[in-house]
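In what follows, chain A forms one complex with chain B and a second complex with chain C.
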Partner chain A sequence: MDWSAIFGVSLFAAGLRLAMPTALAAVGECFCERAGVLNLGLEGMMLAGAFASFVGADYADSAAVGVAAGIGAGVALGAVMAFLSVYLKTEQVINGIAVVIFAQGLTAFAYEKLYGQSGASPQITPLSNVRIPGLASIPWLGPVLFEQNVLFYVALALTLGVWVLLYRTRFGLSVRAVGEAPAAADAAAVHVDRVRWLALLVCGGMAGLGGAVLVVGQLSLFNVGITAGRGWVAIALVIFGRWNPLLVLGGALLFGLTDALQLRIQASSGGINASVPYELFQALPYLVTLAVMVAATVRSRRNAQPSALGVPFTKGVSQ
Partner chain B sequence: MNGQSTQDREDTVKHSALRKISLALVALVVAAAASAALAKPASHTDSAAVQKKVKVGLLLPCAINDHTWCQAAYSAAVRLQKEGAIDLKYTSNAPFDTAAVSQLMAQYAQRGYQLVIGHSAWQDAAFSAAGRFPKTAFAYAGGGKVANNVATYEEPIYQVAYLAGILAGGITKTGVVGGLAGQDIPLCHAELQAFIRGAKTVRSNVRGLSAYIGDWSDVAKAKEAALAQADSKADVFIACGDGPSQGMIQALKERKLSGFGYVGNQNSLAPKNMVGSLVYKLYPLFKLMVQDTAQGKFIPAKDYDVGLKSFQLVLNSKYSQAKVPAKVMAQMKSAQKRIATGELKVPYIAK
Partner chain C sequence: MTTVELALPHVSRRAGQIRTIGATLAAVALGLAAGSILIVIAGGRPWSTYRDMAGGAYGSLFGFGAVLVQTAPLLVIGLGLALAFRGRVYNIGAEGQFYIGALAGGAAVILLPLRLYPLLIALAMVAGIVGGGAWGWVVGKLRARWGVNEVISSLLLNYIGIFVFSYAVRNPLRDPEASSLASKAVPDGSRLPTFPHLFTHVGILVGLALVPLVWYVMDRTPFGFRVRMMGLNADAARVAGVDTSRMIVRLMVISGGLAGLAGIVQVLGVQGRLETTLSQGYGFTAIVVALLGRLRAVGVLLAALFVSGLIVGGQAASIDQGLPYAIVLGIQGVFVVFVLVADRFARA
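This part shows the complex of A and B:
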């Protein structure tokens, strides 16, 4: 087996590409779960973002419009989720699943209606990669980190921004308080429902951007079900990252890297007649993530889950 | 509704239960409407159907504009409809699971559709629905078991993959060819094996790579898998599956490599990179089934197989044909003829 082909610069570049859409959604989910709302609609928000970004970029012939449309679609579904979970206080698990089914049906339907019979293949102009002068010439690190497309840097900045927001601002303190002890936060004059609304809009926007990164940033095409379960993986990564945006980002990167690694091992290991079953490689990202999570949980012992996660807050009613 | 919600806010405890129930209902309605949209995004019926037309129900697991699997079946059915042979109703983006598919098939049968075609490896679903409607003709794709009123139609992609392999053997500079599939199902395995086998007839030391994505719609991961194979020197590619083929094409464009389209004519998706496409021609297969249904000869059901008439290698005229040596092209054409006459048998290596 050719190990240099597996552990090359391109492995890390591929790992980052695979990780970024999921990372964005996962950090968004982390934010709204810290505010006490379980958003299972994440996959639907990513999918809607992916589709809207494609339509936007196609009709306006501009990647920027596409990205904006993707974020907008995510925010819109975030608002639907907030309306159901925060305003109406209905069961969050059901709301989330309804949002996913709704987005899957709507995108498949609209894609067929909008592009159904056109013989030409709808493809949008891809975003070109940005080469950061100076930094990109650093051997090894340069090609991995400083030759990505612009959405990669936006995504990275956003995920770091969420950490700053949560831990270094007054608003972040409110978010965390609302997720841990909404009654206490309420007594301290924090508007619980308003914070949760905002958290869900941010989460939806980030998931929508995740979908847009996939479509506008990487593939320049849309396909029904293109997010392929990334939203669900993202929800798992929040638990993996113990509700800390930086650890969640780390988890997404680990998952993406292992995924890139297994694809490379498949490519190098004897092809179609490989003696090792390919399913083993496919399971690798899940196994590694699970192993790290178990180790981390055993080591820290403390439950990191926000105490009020999934519990609607009603003023004046003891929880 | 507005006045009521103002009241609710004043008397939250009393009304919250009622509000919860009503809104859970709203959520359910939204979900139901969405799943209805998912199950039946588009349906067309010709209201002025002539009696003699065969009523055909077509179930597709993907979108009618996917440039590959579902589009191939849909366009074949539409052609029969335009010819006046059938009265078509279809369901696109149908669910994958056996229970839901057999339910959809049964619904078509119940509404009087004479021939219900499930365009996927839906053997179990077809058998389950066929047991309840013994007079309706059912068919599923890809070969397998056949019973009284359940037929199947073959997808001899491996034969065409062999022809593509011959061209690949002539095109490859590195001597490495790549292959991507959603999962290691017999159909894909046989396709990839035949591709490598074909390439070896031109260049005996060709090495074949293969990767399984684990998903049929994950275009991004398929693209990364193709890039990984390109890093391992592969320069001519083949794919099996909707997502894998789309991802492969994106990788080909990025790295300026060559490849073959899957099931639909995907040549226009990357005119500079596609040598050709392995195109599934479902028209002759559907036509045979429709004729048999019209003449009451569908039962006992058969395994419909028309060989290379149902699968063709459609070359891309915009691809630089200079990259394919004339000798290799001639070798491919001769193999094509010998497969058609039955003189050459491409082995079906399912595992």
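This part shows the complex of A and C:
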């Protein structure tokens, strides 16, 4: 096996690129969990975003329309989740699972209706990379950071933006208060339910955009299993990142690198005839995610989880 | 120990049951109404499509046999999930547990040089339960020991389990003569027999036998009482002396074991060999079944028959009316959301 071909600059460029869909969803999840809502519907929101962006980009022949459609689909599912979790206040774990099954069902139906049962998806026009003049010629760092497509930069800016929003704005303070002590926030005239609605819409939009980045920015095609558990991985990464958007982003980069690494090892070790089974590499991103989530949970005796996570708030009823 | 329920007036409990049943029926009606929107979008006529679906599923012995084939895995998995969910242990790893159970049981049947077939079948089922149960045990232990969220770990283990399964099918157990990727066939004698005239393997009997058992365990034993107590209020249960950590592990092992049992029954009853297409998403559809069945044993039986009818009828209707087959998945997805909404209004 040619290890120098595996561990090259392009590994890191690919790892960063592959990390972005998961990073967007994970940071979105981080945001709404800080507001106290456990959104297990993330996988469904990513899938819906991926599908809508594919249809948008295919029919309008425009990546921008695709991305807008992806965000829209994610926000719509965020509204479904908010209706169940914030308005009806039914159990959030079940709501999330329901949203995933809902999204999977409708996506499979709509895809078969639009593209037939054959399963072969048409290709949409891939986005070209943007080479940022000057910066891209920095050795090593240039190709990794400054020669990606436009969605990469948007995703990176958004994930960093969530950190600023949470820790440097008044609204972010409200969000964190609502997740830690909703009754106290309510007494301080914060509309708990309104903040949670907003947080879920933002989270849905980011997960939808994550799906769109996966399809429009990377794969240029669609199938019903395209998100392949990235939404669930993203939720695990929020735990790993101790509900801090920057650490969560770091976790997503780790996931992306693992994914890029396993793809490369598979490709250069001869695939189906390899001595090491390729299933091991396919399972690697999930194994690593599980391992880091367990490690983060075991290590942290001081609990970083928002105190009111998963607990619906009813005004006037003490928790 | 049973004072909590006895303290409630009998009348209100009956009223609660009636409300629950009413809400579920309302959810089914709303789900079917929303499904008819999907049918219209797909270019079909709702009334005749539903009539075709009902006819295709329940209108003939052949159709009903096909329904029972789908019911077997959904019922067995759904009962285990209902039990776990009652205790608020959210196992969504049944798909992986199903595959690991199928692998453990299938490997036993293929590798053991035993020709006493009833014993071999029994051993395979035990192996299936142990395999699926072990896969669930990992999740339960992680949650009980360190508080690792079981929803996410069980889901991630689905992927890992399926990769383990596909490796085993591709390498040690592979049938080199098969045209597609599949394991060696199980010996003919270990295949489950079929009912006369019904084109259905007897695996459904496993599910039917489990219904009263799960009902009894859930409603009439101290264990079931503890499960329900945990579901209502885990802190209160702990204060009352319930070892919740141990209960979590047990519920994961039981629900994983039943999913594994469903896996090996599917191998011996339907495919006759291990293939990566063994589960048609049963582990996830069973979540719909458990929720629609309101986490009660009898409810799960009815929900499994209903959802299986939807699957079989949907196949028939999609052929007759030229609708996308995935309309069935769309309708299931809508159902789940409506069940939650209806449930909320039943309690209000």
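Heads up, the rule we're going with is that the second predicted complex is superposed on the first by the 276 of 319 C-alpha atoms of A that agree within 3 Å, B and C clash if a C-alpha of one lies under 4 Å from a C-alpha of the other, contacts with A are read in each partner's own complex, and residues count from 1 in each chain.
We take it that a contact is a pair of C-beta atoms (placed from the backbone, for glycine too) under 8 Å apart; a residue touches a chain by one contact, two chains touch by 3 or more.
Keep in mind that this is a model prediction, so the values were computed, not measured.
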{"item": "Contacts of A:Gly8 with chain B and chain C, given as first, second, both or neither", "value": "first"}
{"item": "Which of chain B and chain C A:Phe109 touches, first, second, both or neither", "value": "both"}
{"item": "Touched partner set for A:Gln123, first chain B, second chain C, both or neither", "value": "first"}
{"item": "Contacts of A:Leu173 with chain B and chain C, given as first, second, both or neither", "value": "neither"}
{"item": "Touched partner set for A:Ala267, first chain B, second chain C, both or neither", "value": "first"}
{"item": "Contacts of A:Ile235 with chain B and chain C, given as first, second, both or neither", "value": "second"}
{"item": "First, second, both or neither for A:Ile132, with chain B first and chain C second", "value": "neither"}
{"item": "Chain touching more of chain A, residue-wise (chain B, chain C)", "value": "B"}
{"item": "Partner chain(s) touched by A:Ile226 [first = chain B, second = chain C, both, neither]", "value": "first"}
{"item": "Which of chain B and chain C A:Val311 touches, first, second, both or neither", "value": "neither"}
{"item": "On chain A, the residue positions that both chain B and chain C contact, one per complex", "value": "84, 88-90, 94-95, 97-98, 101-106, 108-109, 111-113, 117, 228-229, 282"}
{"item": "Residue ranges of chain C touching chain A (in the complex, touch as defined)", "value": "38, 41-42, 88, 90, 92, 142, 146-149, 151-153, 155-160, 163-164, 166-167, 170-171, 284, 287-288, 291, 324-327, 329-334, 336-337, 339-341, 343-344"}
{"item": "Chain A-touching residues of chain B, taken from the complex the two chains share", "value": "12-13, 16, 19-20, 23-24, 27-28, 30-31, 33-38, 41-42, 62-67, 92-93, 178-179, 184, 189, 192-193, 196, 207-212, 214-215, 217-221, 223-225, 227-229, 231-232, 234, 242-243, 246-247, 250, 268-269"}
{"item": "In the complex with chain C, residue positions of chain A that touch it", "value": "40, 80, 84, 88-90, 93-99, 101-106, 108-113, 117, 228-229, 232-233, 235-236, 239, 277, 279-280, 282-283, 286-287, 289-290, 293-294, 297-298"}
{"item": "Touching residues (chain side chain A, partner chain B) in the complex", "value": "2, 5, 8, 10, 14, 17-18, 21, 84, 88-91, 94-95, 97-98, 101-106, 108-109, 111-113, 115-118, 120-121, 123, 214, 218-221, 223-226, 228-229, 259-260, 263-264, 266-268, 271-272, 274, 278, 282, 314-317"}
